[in-house]
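Think of it as A, B, C and D in the order they're written, each chain with its own count starting at 1.
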Amino acid sequence: MRVIVQEAPFDFGAEAAAFASARHDMGAIVTFTGIVRDNAGGLSAMEIEHYPGMTAKALEKIAAEAVSRWSLGDALVIHRHGRMAPGEMIMMVATAAHHRADAFAAAEYLMDYLKSRAPFWKKEIGADGAEWVAAKDDDEAALERW
Amino acid sequence: MRVIVQEAPFDFGAEAAAFASARHDMGAIVTFTGIVRDNAGGLSAMEIEHYPGMTAKALEKIAAEAVSRWSLGDALVIHRHGRMAPGEMIMMVATAAHHRADAFAAAEYLMDYLKSRAPFWKKEIGADGAEWVAAKDDDEAALERW
Amino acid sequence: MDVLYFAWVRERIGIPRESVDSQAATVADLVAELSAREERYALAFSDISALRVALDQELSDFDAPLAGVREVAFFPPMTGG
Amino acid sequence: MDVLYFAWVRERIGIPRESVDSQAATVADLVAELSAREERYALAFSDISALRVALDQELSDFDAPLAGVREVAFFPPMTGG
């Protein structure tokens, strides 16, 4: 299990390939990647603030919970902070399990908790100014299924 | 949407990275990769037979259905046939959507249909001989949720 | 018409494909014809619930009519992914 | 104790962190104390249902006691992922 919080970009392809190749006893690998969307071309950047003292701890707790609930062989979380341009990758998770159902469920669990329980706050910088992204009721509701 | 059926290995990292970088208007990318498991070290190879005239057609139909059900921005299916060693990647799917729930659901749908409706047959080659992998009742049952 | 066999069906029958001259009305009729031919066919088709059939490369079922069909394929349940 | 502010809470209050000398028994008491100080605090804390609190870097709630706590952080609902 590995949790990485960094400002620098990460190499999604290299991380995904290294993760998938690390264990030969796990047949199912799921990855999720979140990308700064360039919707309608109005966004010039995304700025992500975080709580340095708490972030890694919160992510490790979420990842450890996923590993134990689904007997994962491995889990990876990479989350960036700072300023990102449209098209840049914000974060990724990866899960490895014997069976696909576990790998999928654990990846969705990680994402649901990262969305609402990890101390990151997104701000969208556009031509007309900047705005904090509001938390969605859907995202809070998504936690109830676990 | 791209469907590839081939005997040669594919570069999972490169494919995943290229897929994730292709569209800037899709914020959520999910990938699934299936790997030949080396359980207890008894497996020396996996052999996958397929039905050349039908395979690509069947995969395209499954992928097209996923794209239309979840309004995906993009979908990718790569599936190998022939002989593979433990640790080699058998196949991958990737989905791109605006929202993570769609990307996850579509990737799971693709996997459920690939398992039971695409004309591939797996044979495990071990020290004690070869055996066709039996279809699982679970995999057939998984189709009922869609 | 062409009849194709895959996986253990192919192994039991011993050939991957053959040309069959048949007036069978349905897939089930064709299966009965083939099974009557030789022991290896009867063995391969002994439990039809363990088999799947595709007509002209589309999944179908054993009640389906064969009129106009050029390619019939028999195989066990698929195990892709 | 140290009090930290993030995202729009930080922007409204105007500073990312400060040292606060308080005898507040609970988080809610601390919020009341801060709100009484200046308009910018009152504004930031005007709708507590829109806020979250962490005590010593663990999510907590506004009823929680502050005894022994060294770091309190206020912020809006998180938007990671």
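In the analysis below, a residue touches a chain if its C-beta (ideal position, glycine included) is under 8 Å from a C-beta of that chain, and two chains touch if they have at least 3 such contacts.
Owing to the predicted nature of the structure, the values given are computational and were not obtained by experimental measurement.
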Find the chain most remote from chain A, comparing centres computed as mean CA coordinates. C
Would you mind pulling out the distance in Å between where the CA atoms of chain C average out and where those of chain D do? 72
Just the number, please: Cα centre separation of chain A and chain C in whole Å. 48
Report, in whole Å, the distance between the mean C-alpha point of chain A and the mean C-alpha point of chain B. 23
Expressed in whole Å, how far the mean CA point of chain B lies from that of chain C is 26
Of all the residues in chain D, which ones touch at least 2 other chains? 81
Note the residues in chain A that touch 2 or more other chains, in rising order. 34, 100, 111
Which chains touch which? A-B, A-D, B-C
Within their complex, chain B touches chain C through residues 34, 49, 51, 53-54, 57-58, 79, 90-91, 111, 114-123, 132-135, 140
Contact set on chain C toward chain B in their complex: 4, 6-8, 10, 54, 57-59, 71, 73, 75-81
So in the complex, the part of chain A that touches chain B is made up of which residues? 11-14, 16-18, 20-21, 24-39, 86-87, 89, 98, 100-101, 103-104, 107-108, 111, 142
